[in-house]
Structure formats: C-alpha cells, structure tokens
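Note sheet for the following structure.
Order of writing sets the chain letters: A, B and C. Residues in each chain are counted from 1.
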Amino acid sequence: MAQVQLKNVVKKYGAVGVVHAINLDIAEGEFVVLVGPSGCGKSTTLRMVAGLEDISGGEVIIGDRVVNDLPPRERNLAMVFQNYALYPHMTVRENLGFSLKIAKRPQAEIDRAVDEAAGILSLTPLLDRKPGALSGGQRQRVAMGRAIVRHPDVFLFDEPLSNLDAKLRTQMRVEIKKLHQRVGSTVIYVTHDQIEAMTLADRIVIMRDGHIVQVGTPLEVFENPVNTFVATFIGSPPMNLLEGVIRAGQVVLADGTAIPQPPGLNVAEGRKVQLGIRADNIMPEGHALPPTAHMAFVEMPVILTEPLGTETLLYATLSGTEMQAKMLNPRPVSAGERMRFGIALDKCHLFDAETGNSLRG
Amino acid sequence: MTRNRLPPWLVLLLPAVIIILAVVAIPLVLSLYSSFTPYHLTRPDTLWKWTGSFNYIKAATDPNFWKAFGRTVLLLTIALNAEMLLGLGLALMVSKVTHGQRALRTAMMFPMMFSPILVGFQFKFIFNDNVGLVNNALQSLGLTDVAIPWLVDGNLAMFAIIFAEVWTSTSVFAILILAGLFALPQDPLEAAKVDGCTPWQSFRFVTLPFLMPFIYIAMAIRSLDVARAYDIVQVMTNGGPARRTELLWTLIGRTGYVDARMGYANAMGYIAILLSIGFTVYFFLKLQTARRELGMGD
Amino acid sequence: MATASQHRIRKRALKVAHFAGLFLAMSIICLPGLWVVLNSFRPTVEIMAKPPVWIPESLSLDHYRAMFGGAGEGGVPVLTYFRNSLIISVTSTVIALLVGMAGGYAFARYRFKGKGVMFVALMASRAVPGVALSLPLFIIFGRTGIIDTHFGLILVYVAMNVPFTIWLIDGFFRQVPKELAEAAEIDGCTRWQAFWRVEFPVARSGIASAGIFAFLTSWNEYALASQLTRSATSKTMPVGLLDFTSQFTLNWGGMCALAVLMIIPALVLTFLVQKHLIAGLTFGGVKG
C-alpha cells in the first residue's frame, strides 16, 4: 500500500503535449477513478504511473520514492489492461503465477498465492486452460487475478470492463469493489463510463484535453460541477443547458420565457448565462416529486417519449433547445402534447455562457 | 538523466543494416565504379583506367544486349502471369476439395523445396530430345516418331524454360491465394448470391478483389527472387543454342566469368539490378495500396 | 429455363472436370520429382535405353553406394558437400533469424522517420540478382581471402536472408499485442525477459516459418555459391551437382541420387512446419 502523487506531470510526443502539468494526490488505500472523453490522456497518465511511458516533465511519486526513472518492475504495481493482455501461450495457472516466478519465489509460495487468487475469483476449475479457451468474463477475471497475486502497492486499471456485456459489467463492478475492500490497496482506475466512475470511486478525477478539470467525491462532482463540461459529462441523462440573459433577477431565454435565478445566486444584469437543469429536476405537473419552496413552471411540447418502466423520459423543446425531463408514475403521452413542467430551482446551476464556468461560489 | 544514446530501433536494425551494407551495398558501389572502367579480370591494372560511360554506350548499342533484355522482360511477363493464373486455378480447385485437402496442400508445396539448379537439370533431362521423358512418352504413345528438339530450337527452348520456371514458382502463388481463400469472409459471398449474382459474378466482384492483396504479396515475394530463373536457364541451355535463349543474367555471367570482361559485365549487371529493383519496388507499393484498401495496413 | 435434371447433369460434369483438372495439375507437380527419385534407383543403361524402358526391370542402390563410396562416380565427395551445405545453411539461418528478429522487432514496435523507405530499401537489397552481385563479391572475396570458405558463404547468405526474414517476423510481431510485453514488464520482467519469455514464444511459429525459408534459400542457392566456392572445402550440394557433368556427358543416375539427398532434408523440414509456413506467409505479408 502506498500513496501516489503526481506533481506537474507533463507528457509530450515530440512537440505535441498530451498531458499538461497535472497535479494529483492519491492517499493510501484510496480508489481514484480517471474519467474523460476519448483521447483526453487518461491512459497516458496511467501508463506514466506504471512506467510504460516516459515522463516528459514533473514527478511521479509512489510511497515516498520518485519513480520517474524506475522501470515498471521496480514500482511494485499491478495493471489490468483493457484487452487483458493474458499470455496466450501459458495456462491460467502460469499466467497467475508468472510475476512470482519472475521474482524467483519458491514454488510452494507461488502455488499458494495462485490457489488463493483463483479461489477469490472462482477460477479454480479453469486453472489448466489456456486463455484462448476462456470466455470474455473469465479472461477478465484472470487478468484481475494476475494483478492480485502480487499484493502490489498500487493497482492500475485501464478500462478493464469495456469489453464486457452490460450484465457482466455490473457484476464485475461489484467484484472490483469487493476486492478493493478486501485488499485495501491504492487503486487508479480509468474509464469513460461515468456510471462506473460514480459507483466505484472514492474520488473522481475528470480530465479533458490533458488537463484535470475537477477532482472530488462522486457526490461533489455531481452536485457541484465546476463547468458545463463536467455538468454534461457526469450524470445520465446529461444535464440540460439553456442559453439566456439575466434580466431583473431572471434568466430570459431567446423566445422570451423567463425563469427565476436559482436561489443564492446573484448574477449581474445583462450577463449571458447557461441555465443547467438535470432531468430529475424538471418534471411534468402531477407526475413529480412534491414541490419545494423554489419552483418555476414552463409549458413545453413533448416530441418523444422513452418509457423506462418506473419512470418515463420525456423529450421536449424549450426555446428551441431539446430538453430531457423525467416523469414519475408515468401515463401514456402522445407526441405533440403540451405539458406544464415544474423546475426545482434550488437544484439548478448557472454557468457563464462564454467560459462555461460555474457561477456558483 | 537521458544520456545521448542511439535510439533503440536503430540499435536493433544496425546488425541488419551493417551486414547488408557489407555484402550488398559495398560490392554494388565497387561494381558501379568498375562499370566505368575497362576492368579485365586477368589484368588488374585496368581497374584504374577511367573510361566514363563507354561500357554503357557499348551495352546500349549492342543488339545482343537488347535482345537479351527484351527476352528477359518477355520471360518474366509470361512466367509471372502464367504463374498467377495457374496458381489461382490451382488454389480454387484445391479449396473446393473436402477430403484429403491437407495432403494436396503439402504436395502442392513440393516444387518449392527444389533447388533451382536441380530444377534446371531435372527439366534438361525431361526435355532431352533423345532420352527425355517427354519425347519418350510422345513416341511411346505414337503421337510423333521424330525426336522433338526441345532444347535446341529457339522457341521450343524458351517454352521449356518457361515451363520449368512456372513449375517451380506456381506453388508460391497457389499457397498464398489459398490462404486468401480461407480468410475470405462468407457473408459478402452470401449477400452476393442473394443479390442474384451468378457464380462468375460473385467470383469477379467479391472474391477476386479480396484476393488481390494476396496476389500482390505473392508477386512481391516472387519479385525478390526473379533472378532465380538464371540457375534454371544456365543449366538447361546456358543461353544457347547460338544465343537463342540468352537472358540478361546469362549474358552477364558469360561476359564476366568466361570472357573475364568485368567492367562491361558490371555495366550490364547494373541495368539488370535496376530492372529487378524496379519490379520489387513496384510490387511493394502495389501491396501497400492494396493493404490500405482492405484496412490492414499501418 | 434449365430443368432440374439439366442442373444435375451440369453439376455432375463440373465435378468430373474438377477432379480431372486436379489430377492433371497434381501429376504435373509431382511427376518430375518422382521421376528423379525413380531414376536414382535405376542403372544408367536403363535410364538411357532406347526404346525407353517404362516398367523398371531392376532397382538398385548402386548410385547411392557409389556416391557414398566416394570412389565410383568420378569420386564426387558427396558427404563433404553435404556437410558443407549443412554447416553453411544452419549457421546462416540461425544468424539471419537473430538479425532478422532484431530488425523485425524494430519495424513492428517502434515508429521512426523514414520507416517505409527503409523497409523498401531493405527489400530491394534482396532483389539484386545473384549473378550481378557475384561479380563484385568475387573480386572482394578474392582480395580479402574469404573466397572458398564457409565464412564467406555464410556471410552472403545471412545478407540474402535478412530482408525476407525481417518482413515475415515484422508481420508476426505485429500480431502480438504490445500490451503483452507491457504486462510482463509490470509483472517484474526486464525488457529483455519480456521479449524472450512472452513475445518470442507467442511469435514462435512465425519465426519458425521464417527460419524454414531462410534455410531453404541457403540450402538451394546456386548462382553465388558457384562463384564463391572453389573446392571441396566449401562447395555446397547445388554446386556439387555439376560434378556429375563433364563436357559432353551427364551422369543422370548419380545426379539423381545426389538430388534425392538434397531434397530429403528440405522435405522433412517442410513437412514439420507446413502449417506454420502458410500462416507465416500470410500474416507476414498481408496483415503486416
């Protein structure tokens, strides 16, 4: 177990920078998830921690050692790759025991560690097969097993579940969480699936274009996104954003609709803003949560419905923008029907229209 | 921390580069130089006499050289095309076989194991006008009662040489095309069937385009080795009779080793080298294009 | 409109044509070789008989006896040639594989400027015809005194085989995901260990097929060997075949016996790896 620190870490390919001076402190035993859109530098960051990629600038510290110049084998970490990278010419047993064998541990110890890992991950009946004869989920478990036999200081996961089907993914997510609770190692986990990020993380690190945009617990980033990027990236469906101008304490949209400013905010008259409303906070009247003190009401035509069982997702337009709203205790709604929606203003966000930065605190 | 080291890829490639420089590039520089001199093996001092482009002009104005050049190009064109078509046919036939295909595939590779020099002797023997297998067979079957002068008549000799050349190299094409046929995805073929293609049309518009990269690899592999025909020709006819099967390579060999006129031979050699390299580069470029089209490239 | 019975007849006819075509093709492929083998067991008189003897009347090992006896058939030192061939082919194949593995790995795993040009240049070096190369090599080897030595020929064959070996091995290493070596490094291997314990075993069959091609090329090469070897100290079997010829005669029987001796190792090797051979050619070429 060890803490991991990134200090002004930079990665350049030639003149092109892909990671720009990022700083991150990860505590011992913490589960940190890196999220961000494709190509934002998550894998690169992870691979610099692993030692698979040269560090162009700054320092990576594991435990209390600067590891910039240490090869991967001297960093005592384990990594699970997106495509698993199982050794195809070795059986599951050999795959699991490979790192210990390289470390020249006695055979008895290797056997014990392999059996233990196989037990945890229910791989025991598969030990003598080669990876070619395993299903996707089984391969994934072998890849995890290979990581846990070593009792590493740090676990690195690079989108380990992205090759699995939805059901297996949910199941493996639980396994990973259990595993972390059991072994307690520090974990850095890369994904671009925000549900995985929300459910697994102690802290989420949101990256874009090689920069860290926000770091915080899942609830923090969900409730207080620092900008529209985070707001639309975290949470499903993505937050609705409405362009408007502040006039007399209200957000006035292009078509003239006026919605009061969320409480506790005081934005200068005439400023261009974006009003952020999550689907959970805009609901049709009569199919909503009990109203709160700060409510506003708008009328919108529904263009499409997506029944999800206990609730229905409604697509409607407001001031030319497509909005998504949730309907509780759903009833059939036909396209074109105009409905009155209540907005829970205290849960809404305001962002600067130009920079996209949050105007809250 | 970063010491000034050679990049790892260069270190890895260095042995290959050094050995090829030593065995191919340096000799080529030497031969390029000597091609501008009247170098004669038995008179070493001739190596220091510069005659400029004399040898090249001599080659360019020598009808024997141009005949050999034309014949070489003709031989390569006919042989490569024949190999490709026969290889395609063979591969298609073998791919349709259900039982004993493995055995057939192995037998198909048989000629690849033969040394070209051995192939030369073997066909010299088979086409021998007196006791050769071909004439013996034709006579025993009563198809002819004269001994056909296979290796004496110019045209027949060219035919015999091409036959031998095709015999050795068709299997390279057949094997690669067969591999392509195995890799051929079934869905487009089925879609073509449903769309109403005749078997010929599905072959022409689905199978063949898919096979093209495989054909280009075979061409590229063959182009690395086209001069193998030298061994065969040297044994079967050695350019004779009376130069009627003379190829660039036999002409070079004779001028260099028999007449010992190294300078002149090297000048002609350079032309042959450029011809071969041209073939190779052409097919490698083709191969890269074909790969890119199928999305298999870099 | 074709009726069902017409279709059936057509199908039957196609089947017969397919079988006949295949039979003809296979005969043409196999007969010349079998003819050589058969003749190696027949006395010279019978080979040369006019009218021809189709059904062999007597088979004997005379040619082989003479060949290994060394004295008979003009005293061709066949065993020495065999040994030379074996030493030269095996050594040059092993070296070419090592050099080719390094080069192929570089092409498969690293990006660098001028990679495409470098690759085609390497291939082009292989395309230089042996006879054109043999003239300058003959002069240089004569000067440096490595003409007519094993070393000289090994050197030449390594250079000849390296480009093709690089091509095939490059293709194979590209089939091996980069992550495998990375996983091995994280598991505690050095780069060197990661290569030998993970990447090499995974690409083994491709390397084997590259080895076969290198071996067959060296084993069968004639144009260069005929100029760069002079005596029994370094002559290889393809050159040795010419010992059975003299100005006006040819000892067919003896030559056939030596031919069989040449073919057998090639045949055995090819059988052993025939599956990899096809895979090697395709992977190396297409997918590379």
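Heads up, the rule we're going with is that a residue touches a chain if its C-beta (ideal position, glycine included) is under 8 Å from a C-beta of that chain, and two chains touch if they have at least 3 such contacts.
Predicted model, so just to flag it, every value in this text is computed and none were measured.
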{"item": "Category of the chain touch graph - line, ring, star, complete, other", "value": "line"}
{"item": "Highest C-beta pair count, chain pair", "value": "B-C"}
{"item": "CA centroid of subunit A to CA centroid of subunit B, Å", "value": "58"}
{"item": "CA centroid of subunit A to CA centroid of subunit C, Å", "value": "56"}
{"item": "Whole-Å gap separating subunit B and subunit C, where each centre is the average of the chain's CA atoms", "value": "15"}
{"item": "Contact set on subunit A toward subunit C in their complex", "value": "50-52, 71-73, 77-79, 81, 83, 85, 87-89, 98-99, 102-103, 146, 150"}
{"item": "Residues of subunit B that touch subunit C when the two form their complex", "value": "7-10, 12-13, 15-16, 19-20, 22-28, 30-31, 34, 86, 89-90, 93-94, 96-97, 104-118, 121-123, 125-126, 130-131, 133, 136, 139-140, 167, 171, 175-176, 178-180, 183, 213-214, 217, 220-221, 223-224, 226-227, 230-231, 249, 252-253, 256-257, 262, 265-266, 269-270, 272-273, 276-277, 279-281, 284-285, 287-288, 291, 296"}
{"item": "Complex contact set, residues of subunit C against subunit A", "value": "177, 179-180, 182-191, 193, 197-198, 201-202, 204"}
{"item": "Interface residues, subunit C side, partner subunit B - complex", "value": "18, 21-22, 25-26, 28-30, 32-33, 35-36, 39, 47-52, 54, 98-100, 102-103, 105-107, 109-110, 112, 116, 118, 120, 122-133, 135-137, 139-140, 155-156, 158-160, 162-164, 166, 216, 219-223, 227, 237-238, 241, 250, 252, 255, 259, 262-263, 266-267, 270-271, 274, 277-279, 281-282, 285-287"}
